[in-house]
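Below is one structure, written out as C-alpha cells; comments come after it.
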Amino acid sequence: MKTGVIFGKFFPLHTGHIHFINMASSLVDKLYIFVGVDSDRDQILFNDSKLRAFPTPQDRLRWVAKTFQKQDTIEAHILDESGIPFYPNGWAGWSDRVKEKFKEFDINPDIVFSSELDDIENYQKYFGLPTKIIDATRSFVHISATDIRQHPFRNWDYIPNEVKPFFVRTVAILGGESSGKSILVNKLAHVFNTTSAWEYGRDYVYQELGGTEEALQYSDYPKIALEHHKFIEYAVRHANRIAFLDTDFLTTQAFCIQYEGRKNPVLDTLINEFQFDKVILLDNNTPWVDDGMRSLGTPQKRRDFQNLLIDLLDEYNIEYTVIDDKSYEDRYLAAIDIVQKLLND
Amino acid sequence: MKTGVIFGKFFPLHTGHIHFINMASSLVDKLYIFVGVDSDRDQILFNDSKLRAFPTPQDRLRWVAKTFQKQDTIEAHILDESGIPFYPNGWAGWSDRVKEKFKEFDINPDIVFSSELDDIENYQKYFGLPTKIIDATRSFVHISATDIRQHPFRNWDYIPNEVKPFFVRTVAILGGESSGKSILVNKLAHVFNTTSAWEYGRDYVYQELGGTEEALQYSDYPKIALEHHKFIEYAVRHANRIAFLDTDFLTTQAFCIQYEGRKNPVLDTLINEFQFDKVILLDNNTPWVDDGMRSLGTPQKRRDFQNLLIDLLDEYNIEYTVIDDKSYEDRYLAAIDIVQKLLND
Amino acid sequence: MKTGVIFGKFFPLHTGHIHFINMASSLVDKLYIFVGVDSDRDQILFNDSKLRAFPTPQDRLRWVAKTFQKQDTIEAHILDESGIPFYPNGWAGWSDRVKEKFKEFDINPDIVFSSELDDIENYQKYFGLPTKIIDATRSFVHISATDIRQHPFRNWDYIPNEVKPFFVRTVAILGGESSGKSILVNKLAHVFNTTSAWEYGRDYVYQELGGTEEALQYSDYPKIALEHHKFIEYAVRHANRIAFLDTDFLTTQAFCIQYEGRKNPVLDTLINEFQFDKVILLDNNTPWVDDGMRSLGTPQKRRDFQNLLIDLLDEYNIEYTVIDDKSYEDRYLAAIDIVQKLLND
Amino acid sequence: MKTGVIFGKFFPLHTGHIHFINMASSLVDKLYIFVGVDSDRDQILFNDSKLRAFPTPQDRLRWVAKTFQKQDTIEAHILDESGIPFYPNGWAGWSDRVKEKFKEFDINPDIVFSSELDDIENYQKYFGLPTKIIDATRSFVHISATDIRQHPFRNWDYIPNEVKPFFVRTVAILGGESSGKSILVNKLAHVFNTTSAWEYGRDYVYQELGGTEEALQYSDYPKIALEHHKFIEYAVRHANRIAFLDTDFLTTQAFCIQYEGRKNPVLDTLINEFQFDKVILLDNNTPWVDDGMRSLGTPQKRRDFQNLLIDLLDEYNIEYTVIDDKSYEDRYLAAIDIVQKLLND
C-alpha cells in the first residue's frame, strides 16, 4: 500500500487544488491532506483580501473534507503551523510538528506531492521522503488562492461548490405589505441569475393553516422563522455570487408584535444570530395592492408598520439602506446599483 | 348556486365529522363551516378531557381548513359563541352572532346541515332556513368528540391525520455518549411501531463537515439544533400516538458547553420554547463503546458530562425520569413501562 | 463477545417479533437472524391467507433488515429450508443447513433465542447450544403471524411500518375532466384517514411549464408519469391500509393520445409494470366544471375521451368497476361501499 | 390599468431579455410576452448554432413562463409567425396574426416595448400603438441570443437558471465493478466544478433493502432505474455546463440480466427514451477492489460482464468511447480531454 501526503493552506480551496489532489490520489492507495493554519499569517492574508469573513481552520478543513468525502482513500486534518519562523529557518520546527501529526494518526508516508520544485530538497532532508511535482505550471487550471482572495466574484468558476456558500453575499429586502419587495426580489434574482429565499410566511399559511390567515397564532411565528432559515440556507447554497432574501427574521418579529402584541424570543435570537451582508428597506410610498392576505391597508397603518420596522432595525443595531424612489423602475435601478457595488471586487 | 352551512365545535375534528362534511359538500356548490368557540365552555371540556394541551380556536380552525384545503368549495371560519346563555335561551343571541358572520363574509345560505333533529325547528325560526339531517345515527363512522377527548389513543384511527400531531406525545431520551440511548430509541420506536427523531449531530458531521468531527466549531451548534427541530417535527407529524426523540436541544447545549466552553443563545431559546412530554435520562453506568466520534471516554469525563446534563435539566426547570438499570434488558423494560403509562387513557 | 441466533419465518414480521428481537439483542453483542423459507410450505401459508401477493424470501429478509438497520449488532440472512421433512424427523437435515450458513458467514453462536419450550432439547442435541426462552406467553404484544395473514387490516397496528406497504391496497380512480375524481379521491382519503396520490399532471404544469399548459409537449408525458409514480410510492408508504390514486398511467397515456396523436412507450411500460388493486372508472355524466386547464368541454369530446379510457382499459386487460350514479352523494357512497369490501377481512 | 406587449424570439431567453422584461413590467400593470416562432427561420438559426437540440416553441415558451412565474402581472404566449414574408413586406401579415392573438386572449394593449428604434414607426402604423424603447444599447447586460447560440458555454452566466438545463451536456461513465468509475466521476465533477448523479443502486440497497444485497430481486431493478432518473434530472438541473453520470440505465439492465437472467421492460424503455450526450466505457483492466457488495470478482466474470455491456451498447445503438489506459492518472487525463472537447465552443 502506497501512502502520499499533501500540505497546503487552502485559503481557500480552489479547482486548481482539486486537480492537484485528483492527480495525487491517482498515484497512491491512501492520501493524507494537511490544512496548514497559522493564526498570525492567516490574519495577514485575510486583512489583505476581499473576503467577507475570516475562514477558520475548521472552515478550511471542511472544504477539503466535504469535497473529497466520497473518495475514502483521502483523509484530511488540520496542521497548526503557528509560531514557526518563516523560511528558510522554519523547516526544522515545521517538520517536528508534522511528524507529531504523523504519529498521532499513524501515518507512514512513501511520498510527498508538491507543486514547488524548491521543496524537493527539504522533504528529502527533513523527512527522507521523495517529492513528486504535479502541475507545477498550472497547465490545466490557471488560478491561485491569492487571485480568489483578491477577486472572488471574478474568479467564481474556480471556487468549488462546497466553498462557494462562504463567499456568497446575502441581500435582504424589507418592507411592509405592498411595498413591492417580493416582485423586486424576483427581478433582482433573475437579472443577476441567482437564487432567492421568498417570504415563507405566505407558504406557511398555505401549508400549515389550510390557506386561512384567520388560523394564525403566536406559536406559529417561531416556526415560520425556523423554516425561513432553511430557505435562506438553500438559497445561499445554490447562489451565484449573491442571494436575495424576501424579508428577514426582523420582519417576522414586526408582524408578531403587530398581531400578537409582543415579541417572540426565538425570533429575537435568530435576528441576533443570523445577519445579512446588506439590508435594503423599501419605503412604503408605492400604491397599495390588496393581495387577499391580512390587511394593513390604511395609510396610517402602513406608516405605523414602516416605523415599527425602522424602530426594530435601530434596536437590533442593523445597518440598512433605504430605497424610496416612487416609481418601480427607479427602485429596480437603485437596487441594481447597490448590488453591483457589493459585487465589485 | 346552492350554499350550505355547518356549525360545530370540532373539539377535536374526527372522521365522523369528515363523513358528515363529505356528505354535505356533495349536496351544495359552496359549503361554509363555522368552528364555534366559547372560552368558558371550552375550558370545561378541556378540564374534563385527557388532552395534553388546550386546543385554541385557531388550532381547531386549521384542522378543518387543512383537511378540506383541496376542496375549494369548502370554506371555514371561527364563530365566537362566548357569553351566550345555554339552551334553550341562547338561540336568539346566537343567531345574531351568526348573522353578523354571514354579513362579514357575504354568505347567503340556502340550507343548514345538522345531525341533531332538535335543531330543525330553531334553524327555521331564527334563520328561515331548512335543515338537512345527515347521518344522525352515525351509521358509518361510530365516534364522538367526547370519546376522543376521553380516550385519544384508543380512538387513534378516528383522529384525522391533520389532527394527530396535536395528540402525539413526545418522549426525549437523554444521556451521554455510550449510554445506549440511540439503540433504546430504535427499540422503542419499533416495538411501539412509530417514528423517532435520531440524533442529528451525527448526520451533521457527515453532511456538513465531510465526516470529520475535527471540523466542528461554535457556529455549528445552532445549525445542528435547527435541523434537529425539523426532524422532531417530521417524527411528530408521522407518529403513531408517540414519538421518540434521540437527544434534545439541552444535550446539544451540553456538548456546546463541553467543547466550546460557553452556551449558545439559539439553543437556549429552543430549550425554553420547545418542550417535550416526557424526558428520560439514562444513567451512564453501562460499558463504554467507542463509536469513532469525539470521545468522552474516561470514567471521570463521563461522570462530568452526566452531571452537566443534570445541572442543565435543573437550570431549565425540566422534569425528568432517570433509568439507571445496569442491564440493557432492564432499561428496555423500564422504558416500556414509562411509555405504557403515558399511553394509558 | 457473546453471539446469539434467532430462527423464524417472519411471514410476515410483526411487532411481537420485534419485541422478541429487542429482548434478545439486549442480551448479546451480536445477533444473527435467519429468515427461514420453504417454497412448498410458504405457498400453503399463502394460499390459506388474505395476503394480496406472495411475500418472497427477499421481501421477508428486507423487512427484518430494514427494521433493524440502525442496530449494527443485528444481521439477517435467508435460510433455505425447502425439502426438509417435517418435525420431528427434520431436525437432522435442518441443522446441517444451518451449520452450512454458520460456516458461510463465519458465525460461532453462544446461544439460541426461541419462544418455543420444545426447541430447547433439540438445539442442545443438534448444536450443543443453550436456548433462552423469551416472552413465551406473549405477555406484552399479543399477536401472531397467522392472525396477520388472516386479518391484516384488523391487526394493522401490529404490522411494522416497514412491512405495511406490502399490505396496502391501492385504489385508482379514473375519469375524464370534470368527472369529479379529484374531489372524490379527497373525500375517500379523508374519511378513511389515509393518503392519496393526487394527479401530478396539474403540478407538472405549474412546476415545469411555468403554469401554462400551452407549453406542454410530447416529451413531457413520460416525465409526468415518472413523477406520478413517486407520488404513488409515497402514498403507499404512508398509507393507513389503503391508498387512493387520482388517475393512473393509463389516463396519462390517454391524454398523450388525445393531444399528441400517439402513445408514449414509457407510459406503455409503466401501465403494464405497475398495476393497482382496484380501478374505479367514473362515468362522465356529471355537469361540466371549467377549471381553467385545457378543455375537453363539449359533450362529444367528453364522450370520446371516456371511450378512449374504456378502450385502453380493455387493451391493457385491466379490470375496472364503473360508478355511474348521477349525484355526487351516491357516487361517494358507492365508492365507500367498494372500499369497505376491499378492507373486509 | 395599463397594458404592455413585448415580442421576441427568445432563442434562447437570456439575462439581457430578463433586464428588458423587468424594466417593461415596472412600467405597466399587465405585460404580455409573445414568443415568436417560425419553423423555417428557426431551423436556420438552429443549423447555424452550437445547440445540442432544437428548442421547440414549447421549450421557449416555458423558459419565459417559468422565469416570470411568480410575477402574476406577466403572461406569455406563443405567436406563430411561420410563412410571413421577411421585412419590410411582412408587417401587414404579421400584424394580422398578432391581432388574432390579441382577440383570442382579450388583450387591449396601451404600449409596445422594444429595443429596436426602427420598430416605432411600424407599431404606430399597424397597431396605432406608441413604442417605448428600452436598453437599446444593452448598457447593463451585454449579451445577444446569437452569442449564446454560438458559444453557450463561454456565455454560461448569461443563460438563465431555468434555461441552463437545456444546454447542459451529460456524460455517462460506464464500467463493471472495480473499474474505478465512481472515483473518476467524483474527480471529474469536482475539477469541472459541477454536479454528478451517483450510482443509485448502492443507495437503494441501503435505503430499501436494509443494507443487504441478499434481499435484491427482479422487481427492484425498475425502481432503481426510476430513482436514478430523478438523480440524473437533479444533476442536470444544477449542473455547471456538464453533468457526470455514474452508470446509466443500460448498466442496470446488465445487472438485471446478470443476476436475474432476463431483461426488464421498464429499463428497456428508459434506455431508449433517455439518451446522453457522451458515453464513456471504462475497460476493466485495473486491479480488482472488493467493496463488500455482490461480487463479480474473478477475471472471467469481469470479462463476461464487460462483454455484456459492450453487447448491450451495440444492441441499443449507443455510441461510446472506450478509455483503456491502465493507470488511474492516464484515465483521468483521458477523460478530461474528452470533456474539454465537448465543452469547446
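Should a chain be cited, it is by its letter among A, B, C and D, assigned in written order, with residues numbered from 1 in that chain.
What we mean here is this: a residue touches a chain if its C-beta (ideal position, glycine included) is under 8 Å from a C-beta of that chain, and two chains touch if they have at least 3 such contacts.
The model shown is predicted, which means the values in this text are computed figures rather than measured ones.
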Exercise. In terms of residue-numbered contact pairs, which of B-C, C-D or A-D coincides with A-B for over half of them?
Worked result: C-D
For this session: Could you tell me the distance, in whole angstrom, between the mean C-alpha positions of subunit A and subunit D?
Result: 28
For this session: For subunit C and subunit D, let me know how many angstrom lie between their CA-based centres, rounded off.
Result: 35
Seminar exercise, completed: dist(centroid_CA(subunit B), centroid_CA(subunit D)) in Å evaluates to 44
Problem set entry | Multi-partner residues of subunit A (at least 2 other chains) | 67-68
Exercise. Classify the inter-chain contact topology: is it line, ring, star, complete, or other?
Worked result: ring
Seminar exercise, completed: Within the complex, subunit D is touched by subunit A residues 15, 18-19, 22-23, 25-27, 67-68, 70-71, 140-141, 157-161, 182-183, 186-187, 190-191, 193-194, 198, 238, 240, 327-329, 331-332, 336
Exercise. In their shared complex, at which residues does subunit C touch subunit D?
Worked result: 56, 58-59, 61-62, 64-69, 76-78, 208-212, 214-217, 222, 226, 229-230, 265-266, 268-270, 272-273
